[in-house]
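One chain, chain A, appears in both complexes that follow, with chain B as partner in the first and chain C in the second.
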Partner chain A sequence: MMALQDPDPRAIDGHAPDVFSRDGTVPMRQFSDREEVDFAIVGTGCGGGVLAAKLAEAGFSVVAFDAGAFWWPLSDFASDERAQDKLYWLDPRISEGDDPLEFGQNNSGRSVGGSSVHFQMVALRFRPEWFRSRSLLGYAVDWPVDWREMWHYYDEVERACAISGPVTYPWGPKRHYPYRAHEVNAAGQVLARGAEALGVPWAPTPLATVSAPRGKSPPCVYRGMCKIGCSTNAKQSVLVTYIPRALDAGAEIRDLAMVGRIETDKGRATGVEYHRAGQWRFQRARNVVCAGYSIETPRLLLNSANARQPGGLANSSGTVGRYLMAHLNDAVWGVMDDEIRWYKGPPSMACCEHWNYIDDHPDKDFDGGYSFMSQGPLPTDFARMLVTNEGVFGTELRRQMALYNRMAGLKMVGETIPQADNRVTLADEIDDFGLRRARVTYSYCDNDRRMQRHARDFMARMLGAAGGRDLLETGSTAHLMGGCRMGNDPETSVTDSDGRTWDIPNLWVCDGSLMPTAGGVNPSMTIMANAARIADRITTLAAHGELDRAHG
Partner chain B sequence: MVPAQEKSVRHPARNTSSRDWRSAALGIGALAALGGAALLMRRRTRLDPRRKIRQSAAAMGGSILADSAMEHLRGGFHNPAMYAAPALATLSMLGTTGNARAARPVHAAAVAVGAAGLGFHAYNILKRPGGVSWNNLFYAAPIGAPGGLAVTGILGLADAARTRDHGRLLAGFIALATLAEVAEVALLHFRGAWHNPAMVLPVTVPPATAALLLGQALHPRTTTRPLARSALRLMGAMGVIGTGFHIYGVSRNMGGWGNWRQTAFAGPPVPAPSSFTALALAGDAALDLIGGTP
Partner chain C sequence: MSGTFHRPYPAWNVLDKWDSPSFNDTTREVLRQRLEEVPGRRFFTADEWPTLVALCDAVLPQDDNPDPVPLANWIDAALFEGRGNGTRHADMPAPPDAWRLGLAALDAEAGARGAADFASLDREERGAVLRDVDAGRLRADWQGMPVRRFFRNLVLAEIVAIYYSHPTGQSEIGFGGPASPRGYVRLQPNRADSWEAPPGKWERT
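Up next, the complex of A and B:
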């Protein structure tokens, strides 16, 4: 199904699409398969895209592969929800467990630029304590990284993406956004009124879409189609920020190039086998980086199993694929007296992180935190939600959809607990490339369910306080974290704090799968900040001649 | 596969850096040229200061008319009172061209409507969630804008100014009006994240000018008067260049001027910067009155 929608590869013959034009190109350096490049990066999203740009700028030779297409947003992105399914990874995966995950628009991108091409641009930071949630808050595990270091890189990536955020943010340590927050739309004002009624803080959501001109990006025009790909380039996705930087610095981007296997020899990675334009090829590389996100990165490592590493690459601890997390994405919807027209503007213009920063409260019966945002689902998305959650159809669906312009909603991003049995393994079925498909097992734990209940109750109270009637609850998940977590202990993690796998010194991971915990905020900024940090660490290691040395 | 192209890549792919130095340099160059010409310009025919004040009121009225008409149209005139601003700006502007005495009630009405407008705009800010918050100050009705209509009316009434003391009073008023406008510009250019370095010009040149003008109002020394006059000319030129920048700013919105029905409203207000030119003209007239020179 996907293959029908894909264009031919566009980053060819020494040129790549100029994303700021309708069909123009820019020069691109190219490497031959025989040339041993410094880094072959698998994936070009928030992890791989950032890493490719920074490593190329540091002078390394870089080839970054993406299974998806290289889009021209100005001409390729339609104001049509179905047409834009081309941005999602919809190739079948086997999903099972008590609470099987649904894959697609909420968690899986398939484009140069990765999921950031269709993300909702919510640019929040982790709470500092979450980097030591075991030591300080008594649940899950600590990150092998200090929060202050991450804070430095949040600053860096927020500048690189010109995040538009509030002048003063009510939670956590101070932060300065490069651009001012957007005007809060009516849907966001519903959250604001509710928060004020309940006496909790709220804020205009920091967003990765510019509120004033920025280079070739015009300011946001509030079309509201952000989630299906921004067709004006106001959205500061990796596709329009780091990818052009990578190209300028001499990196090669290979679009529509599905990496199927990492080859190793004598305990070292030697390159990647990839499928492009109808044939399998092999790119030699001194280092290989997996940046395919929480399903495809473990899948690639597992699919690359060989005689020496029969359980998959870098999997001596048995941790590859484990500790997969999704965010709870339950929502409460209500009918308002006034017209809201929630489709106007970015979908989540107001947010509340209240329960991310509360530890001791008699009502709080769960570990971890959650934030929630105002909502603006597009019509098909909302109709689908009504059908799947409420089972409504026919006249009743029509009646409820007729209320679309008067509806408002609050939706949580809730931190789930990392569990070893929530994992990615390989199914016996194979895909069109002959690769074994991913099998994803997912079940909530009791803590997850308590948080879910708490958030639904709290959001319902807030929506009611803002004047919402006929409240309706829906359940869902969003985002993926973990699956190849980093840590300080080779027995319980896949990589060290630099993203370097414990088992293979020149094999790295750099994406959301590294995250040991999920946090109660959208993960894109954390993934990008972590990638920016890893890029600097790699550059430092190389400068000290430690890139080739194994651990210990 | 094509072999590697060694370092032939220039820098075309990248989104240009967040600050638009090239257009800023162009604008500042234009300001230097126009401002320099204004500074060096000898006045061949000396205008009567009262005529200057009338011209200033007309220019201010024109700026307010266009700005309020556009912004209130953007707001859909959802409150009928929103028609008052462009209506009074029109009448006040027309009033400067005819019989001065007959136009006084019109100018007085403009002052009253402008003052009332401040109340309306404050209400618009306060009624939103968050009250006096950055988001509301940025995006609700602009807090100081109706003051421009009141300034128009006062300039219309200042037509009667004759004496040196009138000149000092006028200089003081123009200085304060300039500072008020600077405050509004600072707020809105901060909202625009100073994305163009030239956006700092209207928060640096006018305050310096206002200080010199205020100095003349309090201590009308002849030694500093030429400096004050030069500063006013620079500010006047800045209003013209600023209009150019705002026209360019509109073009940087999605669709550019070809999509003017959206971008002219969403982009920077093209009529706004010219109010600095109007204020500069009135300031110049005030200095004429202080110096006793027609």
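Up next, the complex of A and C:
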């Protein structure tokens, strides 16, 4: 079932879209299918886009594939929620479990630039201790990466995306945002007022939209439609940051190219089979990188099963698809006396990480952490939340929606516990390409539910303290993490700390599916920082002649 | 659930900004099609159509809209075009089958209550049937389809997605509407730019 009409491929004939123009192009190096490129990267979002740029800049030959279109934001992005569904992965994933996930606009992009094209730009870092949550905090697992290394790469990607953030951030080790913080909108001021009433810190949210001009990006005009694609290029998505860098450095981007299978021979990946412009083709490659995010990356590895690896590629541990995580995204909404008009500005301009940095507190009855942010959902987004949670309809629905401009909300990003049975497998049914669809099984554990209850209560107290009335709680999830986690043990992880699969030395993973834990913050900066780190590791390995050897 | 609907922004219409810097050609073209090229019935049968129209009317009554949003037509169009939303719950049929099954079951629910079909119920009775369905108080055979999921995640979610992305629904709630290239300047509470709706007026909430 295809969604909306895709345009024809645009990265062709030696040119790719110039994303800063309405319909112009920039030159693009191209490779033939027969040429064995250094890296075939499947996906161009926060993982693949960053990796493609950095590897091309390091001198590798790179072809990066994306199933989605290569947009010109200035001319392709309408101010219209329905039309902009074209940014999402709308082909169905089969969802099951006690707490089945929603996909599509909730967490899955389908564009060059990936989900960053429609993300809400919240640019937070992991708490340092989360990289050793098992050793230091007693839950989940440790990352195979030291926090100081990640910290270095957060700096790098925050500069690359010109994050606008406060001079002093209240939590964690010091950081310096390259651009000044945005003025906090009325919706954010509700959070600020509530936090001050409860005596906990708050901050203007560090955001990936510029507060002052940057190159060809104008400052954010507070249009508020970030989730349906920024039509001015103020948003520093991968599409307008790393993708132009990748092209400039000689990478090829293949848009509307669905990779269906990774071929292997004698225990090594040889290239990818992909569908573009009506036909299946095969690109030879010395290395293949899966960067399709937590559903498509496991799906591709599983769909690439062969006689030697009947359980899917890189899956000798049985870990491919497992330890999938979503963030708890429960919210509390209230009616304010003021007209808030929360549609103005990025949706989450104020944030609170208080419970991410508290370990011992009599009220804290859960492991892990959560943050929460002020809210500004577009009309159909808010209406969908109302009807799916409350079942409200008729005149009562219109009456509740008529309070849209007086609503305020607080919504959590809560760390769920990685569980082996929360996983991606293959469904029997096939998609339009003839590929088996993903089946996703998801259930909360008791800890998840305790955190959910705690956050709802705390957010309700804060919103009430800020003057919110007629409070309404809603449940949801956001983001995806894990599904091909990295680790130190080949028995319990898919890749090593470099994203290199344990089983196939020239097959890599570089996206959010590597994340061993979810953390209580939006994942995009962590995925990008990890990708930037992996790019440097690959460059180092190559310099030492270790790219062709397994786990040197 | 009944009663009249009070408009907080009676004079506001986002389309009045058509020629302003809040609209660009891309958005104008999307909205021109939305307003002028309403597709006819292509997916549902002539028999199913009255049930669908009655369902839309129960979910989003529009008697007070001089130019009601053609909800049924856009639901039909989405199904005809095979437009997905990225998720299919394992216990749900594919959307085309779920809609067909659901409409037939709504007629059967009406039949079990002594009516000819769902469309022949008055609005209050339709609301009562839908509340029963949402609560799982079923009299008809839904062939194992999880009815709350059908009603909330498919029917309600699709209808509000159509209505509140339409200029009519946006204007009704005082949303600013299209906002490119010009966004907004005044972000403070109780402040609005001259190109936003004037302050709203609510009955007691």
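The rule we apply is simple: the second predicted complex is superposed on the first by the 547 of 552 C-alpha atoms of A that agree within 3 Å, B and C clash if a C-alpha of one lies under 4 Å from a C-alpha of the other, contacts with A are read in each partner's own complex, and residues count from 1 in each chain.
Heads up, the rule we're going with is that contacts are C-beta pairs under 8 Å (C-beta built on N, C-alpha and C of every residue); 3 or more make two chains touch, one makes a residue touch a chain.
Because the structure is a prediction, the values reported are computed rather than measured.
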- Query: Which partner does A:G104 contact after superposing on A: first (chain B), second (chain C), both, neither?
  - Reply: second
- Task: In the overlay, answer first, second, both or neither for which of chain B and chain C A:N530 touches.
- Result: neither
- Message: In the overlaid three-chain picture, which partner chain does A:N506 touch, first (chain B) or second (chain C), both, or neither?
- Response: neither
- Message: Quick one: is A:P178 in contact with chain B, with chain C, with both, or with neither? Answer first, second, both or neither.
- Response: first
- In the superposed arrangement, does A:E196 touch chain B (first), chain C (second), both or neither? first
- If you stack the two complexes on chain A, which partner ends up touching A:V221: first (chain B), second (chain C), both, or neither? both
- Could you tell me if A:T232 is touching chain B, chain C, both of them or neither one (first, second, both, neither)? both
- Message: Is A:Y88 touching anything from chain B or chain C once the two structures are fitted on A? First, second, both or neither.
- Response: second
- Given the superposition on chain A, which partner contacts more residues in chain A: chain B or chain C? C
- Go through chain A and flag every residue that touches chain B in one model and chain C in the other. 183-184, 189, 221, 232
- Query: Along chain A, where are the residues that touch chain B in the complex?
  - Reply: 12-14, 16, 18, 20, 26-33, 35, 162, 166-168, 178-181, 183-184, 189, 192-193, 195-196, 202, 204, 211-219, 221, 232, 234, 240-241, 244-245, 247-250
- Message: Under the definition above, what is the set of chain C residues touching chain A in their complex?
- Response: 1-8, 22-24, 26-27, 29-31, 34, 58-61, 81-91, 94, 123, 127, 130, 134, 148, 151-153, 156-157, 160-165, 169-170, 172-192, 196-197, 199-200, 202, 205
- Query: Which of the residues in chain A come into contact with chain C in the complex?
  - Reply: 1-4, 75-83, 85, 88-96, 100-106, 108, 183-186, 189, 220-225, 231-232, 335-336, 338-341, 343-345, 378-380, 382-384, 386-388, 391, 393-399, 401-406, 439, 469-470
- Message: Going by the contact rule set out above, which residues of chain B touch chain A in the complex?
- Response: 1-18, 20, 128-130, 134-135, 138-139, 190-193, 195-196, 249, 252-254, 262, 266
